[in-house]
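Each structure below appears as structure tokens.
One chain, chain A, appears in both complexes that follow, with chain B as partner in the first and chain C in the second.
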Partner chain A sequence: MADVLNIENLHVSFDTYAGEVHAVRGVDLHIASGEVLAVVGESGCGKSVTAQTIMKLNPMPPARIKEGSITLDGIDIVDAGEKQMEDIRGRLVSMIFQDPMTCLNPTMKVGKQIVETIQNHQKLSREEAHKEAIRLLEMVQIPNAAQRAEEYPHQFSGGMRQRAMIAMALSCKPKLLIADEPTTALDVTIQAQIMQLMATLRKETGTAIILITHDLGVVANLADRVAVMYAGRVMEQGTVRDIFYHPAHPYTRALLRSLPTIDTDRGAQLVSIPGTPPDLYAPPEGCEFASRCSECMKLCRANRPPMYTAGEGHIASCWKLHPDYPGEKEGR
Partner chain B sequence: MWKYILKRIFYSILTIFFLIMLTFFMMQLLPGDPFVGDKAVDPVVLEELHAKYGLDKPVPEQFVRYVLNVCKGDLGIDLKTKRPITQTIAESFPISFELGIRSLIFASIMGFFLGVLAAVKRGTKWDTGAMLIALIGISVPSFIMGAILQYFLGFKLFQWTGVRVFPILGWNTEMSKLLPAFALSFGSMASISRLMRTSMLDVMSSDYIKTAKAKGLSRMQIIWRHGVRNAVLPVVTFLGPQAAALLTGAFVVENIFNIPGLGKFFVIGVQNNNYTMITGTTLFYGAFLVVANLIVDLLYGVIDPRVKLAGGKE
Partner chain C sequence: MAETLIGLKDVCKYFHVGRGLTLKAVNNVTIDILGGETLGVVGESGCGKSTLGRTIMGIYRPTSGTITYRGKTLDMHSRSDRFAYAKKAQIIFQDPYASLDPRMTVGTIISEGMEIHGMYDAQKRRERVYELLETVGLNREHANRFPHEFSGGQRQRIGIARALAIEPEFIVCDEPISALDVSIQSQIINLLKELQERLSLTYMFIAHDLNIVKYISDRIAVMYLGNLVEVASSEEIYAHTLHPYSQALLAAVPIPDPDKEAQKRMRVLSGDVPSPINPPEGCNFAGRCSRACDICRQKTPQLREIRPNHWAACHFAGEEEAEG
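Moving on, here comes the complex of A and B:
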């Protein structure tokens, strides 16, 4: 199947007064149509910047695409002008954000906000668009959709707002939906409902999804493949099964170790990864994770490892996967 | 809703009562006498005059009588011209009102557009230019602005062109109303534009603007439909007191341009100890301000659906 999205060697930097922040440094991502790719990583690893760059939502300047290519449904995004982006946004690709409380316009009726999106991309009369908006609200399981469409966001609960956001995002049947931590700001019970909803809608609409999250539980539920990002680079990429059962990169393993399980003793300290991510004003020469890695070697500090294949469709950037590495290969 | 309005009206009346009390007693501290002017007055005549207007009574009694009269809608008699104060107000306030409305419209429209322009073109020459105008507007008082306008647009322009475009004084032709309205509005326009700019910048960096952008709306749609609508809310709150200030606060400008508005009578009243005129106009201005603020508060609930006034649903 043709890829909906192709990101190759993407470098994004922010020019600030203190210097250049190398936020994204050589990211490769590919998403087939209908696929769900989870991008995980801790705060500041560049996952949101990557996502927003796909839609060119980052204000430029200060953001700047230094290098690389983004191809969305055959369209070159890097060279696309603002007019072309306006056409692409909301139609080919749309996005839902982390905090549904602040993402809807507080002075515009929810229905109207969806109608606006529809009318922006489709030639529909006001009544048709309104009907469509109500149908969408019903699709995301909002009760009394017709009545709710006439209400303002402050009359919606957090979960309902996120549903409305999803309805809005899917209103023009985009090829790709980017969900930037869609459940982080919600209650745990609501989180489950929203994830369930996204799983159902994905089946119905066949939309590919990029799911950005730091919640590995969410990943296991919904994703087909996972990309683990750290300090602006993809460290490991593979199927959910690969990542959870055969992690090939020490960072992925450390992440998984830090997940509390149901058997974790109440009194026991939660496992954390010592140290802090590297300074992205001056990224390290070698492997970004070297300073925090329990399996670090001399080589790692001076040289950045390339991507090695750890299995079919499973790649990781670690010297230990080098064919000449004498020790036992992790992950297999 | 009604409970809220009634409560507000009660507080308004209370405010006005204290206002009367303060002006009344402070006025008694003023040196001089309304009937002592340039020429000497016979002490016997003076005493008679005092008795006639009740000024010989103890101050507390005068106060009670005044308050009772006010309740009946009687603001007293002008001690100089012997005309009822209410009549003077009725004749001169419409002029002040018109001047105020003209300034308010000008200040709001110009302030609004300057603010939006500065915010949208943030960091460019447009922004600097708009904020420079605002800085001048805030720092130059209206009477200096008035004098400058009179000199350049009234006097110099006439000298250069030989055509009297803007009359220097008066309040009769359309053209004569432009300069005073502009002079009066300049300060408000400056404040409004700065407030609008700040508010607009704030809104444009909010999450729902990003959502609007992600929907594929054009920049103009985002700015006008999602940005301005939300950014204008704090400006509306500010507009209430500002409107009241413009409608009532033109004393100096009215004097400079020789406009027969209420402000002029107020200033003259203070100058010659015209007690009833001072309390009457102060009371009128005060009541006007209080009512204007109340109206703005109620309007706010209409513009911003999140605001449900206390006592309403939810």
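Moving on, here comes the complex of A and C:
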């Protein structure tokens, strides 16, 4: 299947008074149509910056694409002008955010906000657009959609606002939906509702989804493939089963082990990752994770490891996967 | 059996929200917190778990009901009672960015409590600060720095050091890790567990992450709309969940394991939590409950002991067991 999105060797920096922050440093990602790619990582690992760069939502300056290419449905995003981006946003790619309250216009009725989006991209009369908006609200399972469309965002609960956001994002049938922490602000029972909704919509519409999150439970539930990011780079990428059952990178392994699950023995101590992520004003020479890695070697501090293949469609950036590495091979 | 450290009896905390309306944030909560245990409190946002924590701390005065400390009833209207109690009970807040005064050095933040309670002389207090910083995994040099120089995880450690400074017996941990990254969360959890063992502390651990609550707690209390709906030991509550709300809550937690997640039969709870202003008659949960019938809408269920040391507030709890 053709890739909807292809990112190659993307570097994004922010120029600040304190110096240049290398937020994204050589990211390669691709996503096929209908696929759910989860991007996981801690705060500051560059996952949101990558997503915002796809839609060119970062104010430039201070942000700057230093290198690399982004191809969305055959269109080069890096060189696209603002006019072209306005057409692309909403029609080809749209985004939902963590906090739905700050993303909806509080002074406008929810239905009207959706109508506005539709009319920006499609030639429909006001009545037709309004009907379409109500159909979309019904699709995201908002009860009494026709009546709800005449209400303002503050009259909606958190879960309903997120549903309205999803309706708006899908209004022009985009090829790619970027969901930036869509359930982080919601309670678990509402989170379960939204996850179920996203799974259904993806089956019905065939939209590819980039799911940005730090919750590995959500990833296990929704994703087909996973990219693990750390300090501005993708450390490991593979299918959801590769990542959860055969993690090849020490960071992924540590991350998975540090989570208590319902089955974790209460007497056991949690495995924690010592230290904190590196400073991106001055990223380290070698592997970014070296200073916190329990399997760190001399080589790791001096040289950054390239991507090695750990299995079919499963890659990881760790020297221990080098073909000449003598020790036991973990993962596969 | 450990003795009761803090006892709550019919504790209510109502807020007046104008126009003669009352928000019942905490409603008739009766529970004993035993010495040396960790009581986990879980529930969705707005269920009153933080209000309960703050009421126990004496930050809020209960609207009605009594709080006892080691068998002695506390008069929350008396300054001296509150002051003496504050020496025994401390709190760690959720947001490590908002809960430290940005204009105070870390040393001052930690020693302030000791000063207020007239503990030690200045020299000894400084030594205690160094000692506490090392206890929570920081260095003595950090005492002269300001909060903005620290990361989220480090700030939470400062918050813990501040709570420990006056040698309390009881600490309310109000979502101490939900603002932190996954890799940092486990560091803080391990620290809290280690401190509990070393200093024989009693915790009330408020959180919405059920995996972590299960891991850290001896007993768990589930709250819904200001009421306790189920209380049991953490093994028991996961093995024999009695209340339909607790069942839905547990089922909704995504498991970081794709195969288990695919097998899981999703019982997604429909609807939202009703407003705690003028809550519905009868059982609060009736509107979202699949088993609700007439009695649920008329009569409020009371917390009953259905299995040994396992309490639930549901008219039907335990019936399946009796049948099966």
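In this text, the second predicted complex is superposed on the first by the 325 of 332 C-alpha atoms of A that agree within 3 Å, B and C clash if a C-alpha of one lies under 4 Å from a C-alpha of the other, contacts with A are read in each partner's own complex, and residues count from 1 in each chain.
The rule is simple: contacts are C-beta pairs under 8 Å (C-beta built on N, C-alpha and C of every residue); 3 or more make two chains touch, one makes a residue touch a chain.
Source: prediction; values computed, not measured.
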Are chain B and chain C a fit on chain A, or do they clash, once the structures share the same frame? fit
In the overlay, answer first, second, both or neither for which of chain B and chain C A:103 touches. first
In the superposed arrangement, which partner chain does A:15 touch: chain B (first), chain C (second), both, or neither? neither
Once the structures are superposed on A, label A:159 by its partner contacts, choosing first (chain B), second (chain C), both or neither. second
Which holds for A:273: it touches chain B only (first), chain C only (second), both, or neither? second
To the nearest 10 degrees, chain B and chain C lie apart, as seen from the C-alpha centre of chain A, by 70
Of the partners chain B and chain C, which touch A:150 in the superposed model: first, second, both, neither? neither
Go through the superposed model and pick first if A:260 touches only chain B, second if only chain C, both, or neither. second
Chain C versus chain B, contacts on chain A by residue: C
Let me test your reading of the model: by the given contact rule, A:79 touches which partner, first (chain B), second (chain C), both or neither? neither
Please give the nearest C-alpha separation between chain B and chain C in the three-chain superposition, to the whole Å. 6
Please name which positions on chain B make contact with chain A in the complex. 206-208, 210-219, 221, 225-226, 229-230, 233, 303-306
Okay, in this complex, where on chain C does chain A touch? 44-45, 151, 153-154, 181-187, 189-190, 193, 208, 210-212, 214-216, 234, 238, 248-261, 266, 268-270, 272-273
Residue set of chain A touching chain C in the complex reads 42-43, 157, 159-160, 187-193, 195-196, 214-221, 240-241, 244, 254-256, 258-262, 264, 266, 269-274, 276
Residues of chain A touching chain B in the complex: 55, 57, 82, 85-91, 94-95, 97, 99, 102-108, 116-117, 120-121, 152, 154, 165, 168
